[in-house]
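Okay, handing you the structure first.
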């Protein structure tokens, strides 16, 4: 089941660079594990913003929430979720 | 080069069903040709809305505009475009 | 899997009362069937508005979209969907 | 008398975890007491957000305000209230 | 129990004056009956707008909805409801 | 001359309780004096919010501004003013 | 007593030019009479918009409403009113 | 050439009163010099807000920007500019 | 003196194609004359929208308004104007 | 390929002037290098705001993002990007 998730990151201006780097490093590892597992199907940067647009493929709303709320950057993000479903014009089998 | 495009369709309430069906039929053919060519990479329905979220892979802003403005439903759509680029955490080679 | 859905109905001012009544009558039957089946778990009127807040319990985003897009009033509604999940403080077993 | 209440929680980024945990712990106890009493009829998490959607069943606007303003997290919340009433299509006796 | 209700009236530009006058005439009678009964406690015009701000004193959300949805101008209004309760600084006994 | 005023209070999260209590105490005295004088005709709490809706009866815009800007909580408030006038349907003599 | 009023005019696309011209002609006469009397102190066009920003000098909210609601273009306008008062830095005696 | 400028002032809650008073004092002198020169044609307080609506009469956009960006309170303001021009109904010679 | 102008075009859905084509043809001629004269310095299409972003170089607000209000598509446009001035970092002599 | 970029700068109120000056100095050098190279085609100040409107000419979305995210002021900016393309009415060869 697919969801589009937009995440806008807002780090405090006065967060020390070392702290920010450490959180971002964990965020990257976490994201790549979920991408490898197929749960986090796509992630793109929005040009000009510290933000991304992602596609998740999960079993349920609960699994989506568990994944998002465990993001190392979760406390610093504005997140918007849209539930997706197969478009009748789609020709891709797995864009269900 | 990737773009996220959200399209919300607003057909006039009094458009005859036959007219609407004919436009939608052309829209579907047009969309599927572009999907086959790889230009229209993804299309998903937003659950509960007559709307879609799509990913386009084009050579330029101009090509994107030409594709969108030739949509049979173009006059009936609100369209929002976001330029995308590769996310540093992405592990998918073609999510450039 | 639960979703909160807000539906605001906007009938054309010049729709004949008989037409409106017929659509509303089908809407009521459709809604009550889905309530009986357990898919449409709750429906409340928002005081002072031609609008409702509903809770749906469905298998997937696709099922939610199929139910909503088949509403007799679908063409006349603005619909907003929020994916829900169990709250850690909830004491109700089935508010999963 | 039913009300839909949406609560978005915004804890200060620099609140010590022990302080946050203590407030959340009191919030949970308070919420569960009100759920047991029947006043706080439903609470759901919005997927991807530190937010909930709740249904309250109270005697009056005043009782609703007293309950909400006594929430341990009240100072950290944006709250939106909608007065509900029975929907003419509802088949549930107590969704009055 | 008190509610603040803001009503903005939007009559179709092409509604014949006689039709508009007849609806407004019924609206006035209806409003004055409810004012006399004490249900519609206050009504003020917002300067420069075809809109009013009103205070209702009703037994329940349902009674408020029944009153509002029976307004002769109801189909032509945008309505916003806020539930009120006694302010701790109030010195007026009946602004409960 | 009547004005509707909505005041939303936003105290800093880290304001000491004793400071907040002292300001609120002065606010209450100030409000009640103005209520007694007839200038501050009504004040209601908006259910679920640290906010009020008030009706002022003043000689001029200037008097309204002088009253509002002298509120002990003035620096912590978002304030919205609407000029009111008698509604043609009103039956209350003093809702001028 | 001064008020700033912004008026945005939205004529129906299909209004015959002769009808529009006749209304605008009456609007101009009406506006100039009020300017001559001193009630309508200033009127400026907003560059690029069919809109104006005006300053009115009236005895009361009621007088302002009576003036605005009698505008020949009133049914075709969105109007926003702000109550003004003398600024402590002003050096102009009559910008009271 | 005329411009309408709305300025909303937002001083930090914790700014010492002596600092705020010193800035406001310079702001007043600066404003009154520009009023005397005819550049700052009008300034009014918006009732109930720490905000003003002003009319500037300048040679160019650049002169307007130079004047505004030199305001002692500039760093603490949200500013909105609208370019004005003579209204065809205006009877005042200098409201060009 | 430079202004940025955004124009969004909204033609009525039922405007005959021949009428639309005739207006667009006049619009193009009018625009190109102004571009040739140097008044309309730039015009770009916004990708995916029936809209443009333009830069005008005019003597005054009044000249800008005269140019915009004479656009053949003026009645069908939403227009937003921003006054520009030279940026201190600019290296282009004529981006005054 | 052209993009319009709006940048609004929000420096923390308590940033020391020397720190702000150093960042702005680097920003200016960086901007002027990109202007010289032709990548940053235009930059204008928005009158009355600490903000600019710029036109970039880049090879791709990725190049645009790399340029913007390397701005010395990037952490202090709200940035909005619009993809542009040649307007059919344009007479300037390089406004592609």
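A, B, C, D, E, F, G, H, I and J label the chains in the order they appear, each numbered from 1.
Definition applied: a contact is a pair of C-beta atoms (placed from the backbone, for glycine too) under 8 Å apart; a residue touches a chain by one contact, two chains touch by 3 or more.
Keep in mind that what you see is a predicted model, and the values were worked out from it rather than measured.
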item	value
Chains in simultaneous contact with chain F and chain H	G
Smallest count of steps, each to a touching chain, taking chain D to chain J	2
Chain whose Cα centroid lies at the greatest distance from that of chain B	F
Rigid-body rotation angle, chain E and chain D, from Cα fit (steps of 5°)	180
Separation of chain B from chain C, taking each centre as the mean of its C-alpha atoms, in whole Å	27
For chain B paired with chain G, centre-to-centre distance based on mean C-alpha positions, whole Å	44
Centre-to-centre distance between chain F and chain C (centres being mean Cα positions), rounded to whole Å	39
Interface hub residues of chain F, defined as touching at least two other chains	2, 45, 47-48, 61-62, 64-65, 81-86
Complete list of chain pairs which touch one another	A-B, A-C, A-D, A-J, B-C, B-I, B-J, C-D, C-E, D-E, D-F, E-F, E-G, F-G, F-H, G-H, G-I, H-I, H-J, I-J
Residue ranges of chain D in contact with chain F within the complex	5, 12, 61-62, 64-65, 68-69, 75-76, 79-81
Interface residues, chain J side, partner chain H - complex	13, 45, 47-50
Contacting residues of chain G [partner chain F, same complex]	1-3, 60-62, 64-65, 81-86, 96
Interface residues, chain B side, partner chain A - complex	2, 4, 27-28, 31-32, 35-36, 42-48, 52-53, 55, 82-92, 95
